[in-house]
Amino acid sequence: MTPTNTAPKPAPIIDMDLDQDGDDGHGSAYGITDREATLQARHQTETLGQRPGSLIIREGALKPRLFLYSYDDTTFIEAEYPRYDDLWAAFRARPELKHWIDVRGYGDLSLMERLMEDFDLHPLQMEDVLGDYQRAKVDVFGDNRLFLVSRMTDFTSELEIDDDQLSVFTGPNYVITFQDDYEDCLDSLRNRLRGNFSTTKRRPSLYLAYALTDVVIDHYFPTMAAIGDYLEGLEDRIFSERRERRMLNRILRIKKDIVRFRRLVYPERDKISEILRLPDEVMPEEIKVYFKDAYDHSMQALDLAESYRENITSLTELFLSDQSNRMNEVMKVLTIISAIFIPLSFVAGVYGMNFQRESPPQGPNPLNMPELYQPWGYPAVLSLMGLMVIGQLYYFWRKGWLSKQR
Amino acid sequence: MTPTNTAPKPAPIIDMDLDQDGDDGHGSAYGITDREATLQARHQTETLGQRPGSLIIREGALKPRLFLYSYDDTTFIEAEYPRYDDLWAAFRARPELKHWIDVRGYGDLSLMERLMEDFDLHPLQMEDVLGDYQRAKVDVFGDNRLFLVSRMTDFTSELEIDDDQLSVFTGPNYVITFQDDYEDCLDSLRNRLRGNFSTTKRRPSLYLAYALTDVVIDHYFPTMAAIGDYLEGLEDRIFSERRERRMLNRILRIKKDIVRFRRLVYPERDKISEILRLPDEVMPEEIKVYFKDAYDHSMQALDLAESYRENITSLTELFLSDQSNRMNEVMKVLTIISAIFIPLSFVAGVYGMNFQRESPPQGPNPLNMPELYQPWGYPAVLSLMGLMVIGQLYYFWRKGWLSKQR
Amino acid sequence: MTPTNTAPKPAPIIDMDLDQDGDDGHGSAYGITDREATLQARHQTETLGQRPGSLIIREGALKPRLFLYSYDDTTFIEAEYPRYDDLWAAFRARPELKHWIDVRGYGDLSLMERLMEDFDLHPLQMEDVLGDYQRAKVDVFGDNRLFLVSRMTDFTSELEIDDDQLSVFTGPNYVITFQDDYEDCLDSLRNRLRGNFSTTKRRPSLYLAYALTDVVIDHYFPTMAAIGDYLEGLEDRIFSERRERRMLNRILRIKKDIVRFRRLVYPERDKISEILRLPDEVMPEEIKVYFKDAYDHSMQALDLAESYRENITSLTELFLSDQSNRMNEVMKVLTIISAIFIPLSFVAGVYGMNFQRESPPQGPNPLNMPELYQPWGYPAVLSLMGLMVIGQLYYFWRKGWLSKQR
Amino acid sequence: MTPTNTAPKPAPIIDMDLDQDGDDGHGSAYGITDREATLQARHQTETLGQRPGSLIIREGALKPRLFLYSYDDTTFIEAEYPRYDDLWAAFRARPELKHWIDVRGYGDLSLMERLMEDFDLHPLQMEDVLGDYQRAKVDVFGDNRLFLVSRMTDFTSELEIDDDQLSVFTGPNYVITFQDDYEDCLDSLRNRLRGNFSTTKRRPSLYLAYALTDVVIDHYFPTMAAIGDYLEGLEDRIFSERRERRMLNRILRIKKDIVRFRRLVYPERDKISEILRLPDEVMPEEIKVYFKDAYDHSMQALDLAESYRENITSLTELFLSDQSNRMNEVMKVLTIISAIFIPLSFVAGVYGMNFQRESPPQGPNPLNMPELYQPWGYPAVLSLMGLMVIGQLYYFWRKGWLSKQR
Amino acid sequence: MTPTNTAPKPAPIIDMDLDQDGDDGHGSAYGITDREATLQARHQTETLGQRPGSLIIREGALKPRLFLYSYDDTTFIEAEYPRYDDLWAAFRARPELKHWIDVRGYGDLSLMERLMEDFDLHPLQMEDVLGDYQRAKVDVFGDNRLFLVSRMTDFTSELEIDDDQLSVFTGPNYVITFQDDYEDCLDSLRNRLRGNFSTTKRRPSLYLAYALTDVVIDHYFPTMAAIGDYLEGLEDRIFSERRERRMLNRILRIKKDIVRFRRLVYPERDKISEILRLPDEVMPEEIKVYFKDAYDHSMQALDLAESYRENITSLTELFLSDQSNRMNEVMKVLTIISAIFIPLSFVAGVYGMNFQRESPPQGPNPLNMPELYQPWGYPAVLSLMGLMVIGQLYYFWRKGWLSKQR
């Protein structure tokens, strides 16, 4: 129960040495198609034919770990319970406290069913929890209980957005959360609870649901910051003399991430907007003020995503124009060299460079290349060639072909 | 009446050996235009001039097969009736049970008219059933009966989305379904009914209408999964050294499928959204909870389709950039070879390579190519050529033209 | 009064021998800009300065022909009246029947003014009728009368969408329609009226207004079918070895048609949607059921148009990629020939092919091309050239440049 | 007070001799950026730091001319008043008439202030009038007075849309209009008032506000007609053999006009739509009927603009494809000539064309180019060359490179 | 307390000598990705893990300067207070006046907390103030107090839009503003207050909140004007003979600015639109009239931004077409030179230019190049070459390749 280190996690730094990024074991070698979407479709296919509300534990699900945080203005009790019965007993023993039941990992069907029963959760909701592909949403159930789904994002060093589902159920004096991983982005909130000055502890348990939503949204920004840094890095490299391979590939890959991020955040914003329209007996005005703040934050995250999306379009245009420019440059080299040497070769071909040759026996015919028999013939032709070269270079210089133009 | 095998059908695997795909007997050789749309327009043209609500059996319609599933909490009776009168008798004999009348195939006009009459269906609705091109929709008729249309999709191995119409009419204690094929995607639902633990059997017959909708939506995901796999396969092949022919063709063809899929799913989502807004006496709250779940699933399917659509755009950009790159490479080969050999040819042309030739009788004129008369003339020119080659190769290497750049 | 042949008109077949299509007398030679739009703008310019509601007969308007169809459940009387007074008398003589007054052609101002007065039509409405460029719309006037405008489409063999306006006014026991042409797409409806089993005859005259709308919408599908066939034809021809000239031109021309079609159908859908929201005293529920069906049909027509529009985008991308591919192929031919022969020419140039030449008097200098004096010199150089050719062909084959790549 | 000639102004004809259009004194040489927008921004910058509602006369504003038209069913009095006091007196003298006070030119601040005071106008409204950059809008002020802004367009022969603001204030029995120019598009309305059959004169003064709006909208069509004609002209010229310079420039310039036109007309439509939603005591139903007609017209104008916008996209695609085709043609010429002559040159280079040369003293070595010593050598090589040319021409002809392909 | 010079700031003029703009110390070298967005994401990352509503002073925040402007119809008192207690005393001493408390700089946490407490501000609002990345918005708090956020823009000479946050709180007789910089765009408003004729002084303090919003919106126009001027400059330069480097880069950079500007102004418009819908007890009708005017101005700013955005698209198309044209020109030079000289070289190669050579001992063979032995051989070949050149030049001239085509 020692408080863990919760220094704010810095925005991940993506190694710009990108040349290896085709080899990191993705489904496809380049990562432009949305693999997560396909995985989701496949997973939903697997559950095909089940009756609605039937609980299915996905293969590889972690064994659940159970935590209980009980608090009021002055108290804070925190424990991990290996057995659910102990947790249930502890929870029932202190009805005057507010409780956060924190379930991490889904790998125990009977436990899930007991939770469903003890806390009166609907099978369809529990199916959403375990399915792990639910968009952010809010459902009102019972009289005034809420079922909230958020998606927590993380930007991995493989340029992928990793997202996990956080499912939250509220009750009169408790909040239950489900997630499929032991690690999450909620440690900062746990630490605030452990501290002495937490406003969360003084407020009703519904505030905890807000606090969870808020932490998730706040974690969208490091992802965005990492994407922004990566974009700036890409931009710097588009024009570099020796462009890396597959630059467009990288642009499109980060575009895929941004598109996915928007797909995650839009429902989040809609969810909060729906919460703000809930009647006051479900969501009291004093908590709505906080959700209004969360709404502003989700709008800011969307603004950033839209902004980056526009940037991606610009980068793509720039890349394609640069590609065209490089072709242009190749053509210029070809044209300049051909334009200079093909005419020179012709001149050399005409004269055969047989200057000062023996006069034919009958004497040189003045119509037939008499200049070949002159002593100044060779220097004259050389000068002609030189003049041709100078003339063409001047022409190309005036056209600006000799300088680099990007 | 043996329960058929209903193991969830795996997502179809599309053979990536695509080179034959131009020869599979489509309307057009490449499958980019939406043939289904044209077929629909042609079919609607054929019914031109009929009065609204007139029933027309399409050519080639299958002879109807009639099934009746009767159930309550504890009972389940299932039978196929070759004659409609028997089915009608069986249905009337047990008013205390809930019934699913399952009509497969439309090829009997008088039967259709009897059904219309016995179950009090509107001619316009029956026209929608037989027309088979109705978008997903919901109509309320009578006092609180529903007419639901869904579109069942299948992704064939020829990269086409095959969609069939499922028409559902609800009544006080029965549900009638119409479809034009003997095969469908509802076997999993039938099997659940046959089992002992079906919640469907305990609930009102309206729940069956939900269950049918839910199964149809669930079958969108294998289609999406197959499309996603195909996209990843395409992506891997764009960069392969010997690109197959007609790559863009394939990209655009799968794009057509995705666009069609969206056209099918959008009305489905709107239909459910309309159901959720129905008054409680038509659609009780307890069933709405389930439709809300179906709504979430339809949103997920749309999310996937949108995601793939973005991917298609990226793949197209990548393809076009790669095409441009390949041209660039051709140009580089031309430029490098021309740039090296054209100047060399010029040098060879100037000297005519007539080294160590006989001095002319009057002795060599020092102005006229005296180097031809020197013993070191040939090696010197060879060295000059060698230096030119090295210089140019260095220039091209520094520009990065000698390495592959994609 | 003999019933005319009303077999459903087949979808027009567009001759794919398209090479003449630039010469068919359009405004512009290529038909990509929307000439109809310009004609409309010009027409509206001509009426500039008239007071609102002033009736203007367009030049070239046909002389009106007047038809009266009078019917009830069992009666059907049909006649063409050369004089309006006779029609008016016949109409007034049978108030117990329902009447359809069918006016074809606008070229008689005083007749129009009499109709306006006798049937109490608003000058602005009559201006809309004669202007012939009104979008589909519905106006309620009087207490519960309707003014409906529809646009009837036809797809001509010159790849143009020909559209005419059908204006419908409803009254207590009659419907008046106006159109500017003698030919139309309503013959199937007239024939149904002539038959014995017409439901139209049993229903209030408002149903006739529905039936007219429905026939117009049904005629959108042959147009769509023709466009679909044409698109498939275009697709097949994009890749043909000897592509016809102006392929993109044709793609963009049909795109213009599709865009125009959408412009016609969107207001039609909005019109019906507005009808469905009319209060029951204006539009009784029993007729609304039919308009709901017409709404579904208009949605289907829009779906088709959207689908074709996506196809057009794909075809354009395909065309441009193919264009780029053809350039690529030209470059490859150039590169292969240049890359093979330019180095060969250089080798031939170096040796001058003067093998076995006379040794110079002082004997051959071992530094100066001694190989020219060897008997094996010529075969050796020939072999060298052969090896160079083989090496390059291998290189090009391995790069896949020798096979066609589209 | 003589009625001026008001024959409807023909749609302007734009001289298609476009080569001079870069030199007509625009801000930028090519007219693609929206100069009007920049001028507007600059003007708004100039008024920076003024308090809201402060009146500023723009430099160069014309001296106001004041007209008063007074009318009822049978009367029509029209006069220009050099002094405002006379106009005011005339206006006050006949309270039983309806009046149109027509102010042209803004260049007199004190006059503007008197008008503001006498007719009880809000300073913010007056600021809108003088600012001259207000979008079309409607404000209700006082109890039921209206402030309407319209934008009058004109299409100049320099391919620019010239727009002026028409500001209209309504009162119990009068209408005041403001515009900054002496010339306008309202003469047709004035002439109708002068005539004997004007419905305007019989209707309340609010109808005049409608009539003004209607005339402005009607004048959008000549602009659209001129743009349409210009587009058709452009289309014809894209393919002409000797394409004019800067074709894309012209396409983009007219696109800018169309975009600007839409920006002007959209608010106009929204304005009328807002008028149609005004309560009946502000806008009586009998006038709304007319505004509904104006709404239809504004929708038609928007339809035309959208249509042209699509055309512009098609023209741009066509232009770019044609540009690419022209490059393709250049490459083909290069390739054909190179492919024919480079191999020929090689053959000529090999043989040196030294046929029938002296046998070397030791006799010709049978390994070394023995064909040079044969009498048939030269004709044989010439025939070989001829065959090569024929073969290549056949190859190019079969590929279709010898015919023009656009 | 001397009134500072408040002549309206002219629109900034951006130096068009753009070649240095890569070196001005941006994050990325080219400025196409939205650096501000990344900075915002990073800043929000830094505050991660803080409890909502916790105040964090950003590093480098300026020490606050405190100004108090107290006024009524006839009074105006203005002072800067180094100590907050003095300001507080002065504010409390004159409750009959209206006050503007103007806080510039955030660098003092305890001061911020005192302000929050004294003026009863919500911690979440104060967090928004200090966070400095809030979109424009309006919150109602307390009974009828407003919290308004605006974003003030400035267009720097480095082509960046510099935006600062202005936070405004209203109270019964005061307005508090916060901004993080000592310089702002509000001096014109302060000067108006100092003057004698300020309407602001006569109106309730809420009018001051409007006046602040209005000044901020008015300052959008100089930014737009500068962008417009820059665009016109860019347009002029696209076609210049020696195009500067990185032209597309500049186009995309200014596009980024326009996109950012829209992101700033859209929320501003929505904010005002929300204000206009506030109930009259929070926002009286007399002030709403003014906000309606501000709404019109924000729409105008958005119109300008949309217009420029379209222009950018056109400029990009123009640039890319010009880039393609330049390549075309390079190809033409190559083709013309190659097409002329390669055939000439072939002719020269055939004849070896050995005219009038010694007849071989056995006499010239009439089959083997007899023309070499004729006196007219050389002039004939020269003429042949001349004819070839003339023919090709004519061909190229007719194709229009010899004139410049852009």
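Each chain carries a letter (A, B, C, D and E) given by its place in the written order, and its residues are counted from 1.
Assume a contact is a pair of C-beta atoms (placed from the backbone, for glycine too) under 8 Å apart; a residue touches a chain by one contact, two chains touch by 3 or more.
For each chain, UniProt lists the protein as follows: A, B, C, D, E = Magnesium transport protein CorA.
These numbers come from a predicted model, not from an experiment.
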Neighbours of chain C that also touch chain B are none
When centres are defined as mean Cα positions, the distance from chain C to chain D in whole Å is 26
Whole-angstrom distance, CA centroid of chain B to CA centroid of chain E, is 42
Residues of chain D that touch two or more other chains sit at 324, 327, 331, 334, 338, 342, 345, 349, 352
Ring membership in sequence, chain A leading and chain B after it, reads A, B, C, D, E
Counting only contacts in the complex, chain A reaches chain E at residues 6-11, 188, 191-192, 198-200, 210-211, 214, 218-219, 221-222, 224-225, 228-229, 231-233, 235-236, 238-239, 289-290, 292-293, 296-297, 299-300, 303-304, 306-308, 310-311, 314-315, 317-318, 321, 324-325, 327-328, 331-332, 334-335, 338-339, 342-343, 345-346, 349-352, 360-361, 364-365, 367-369, 399-401, 404-406
In the complex, chain E touches chain A at residues 27-30, 32-35, 37-38, 40-42, 44-49, 51-53, 122, 124, 127-128, 133-135, 137, 139, 241-243, 245-246, 248-249, 252, 255-256, 259-260, 263, 316, 319-320, 323-324, 326-327, 330-331, 333-334, 337-338, 341-342, 344-345, 348-349, 352-358, 375-379
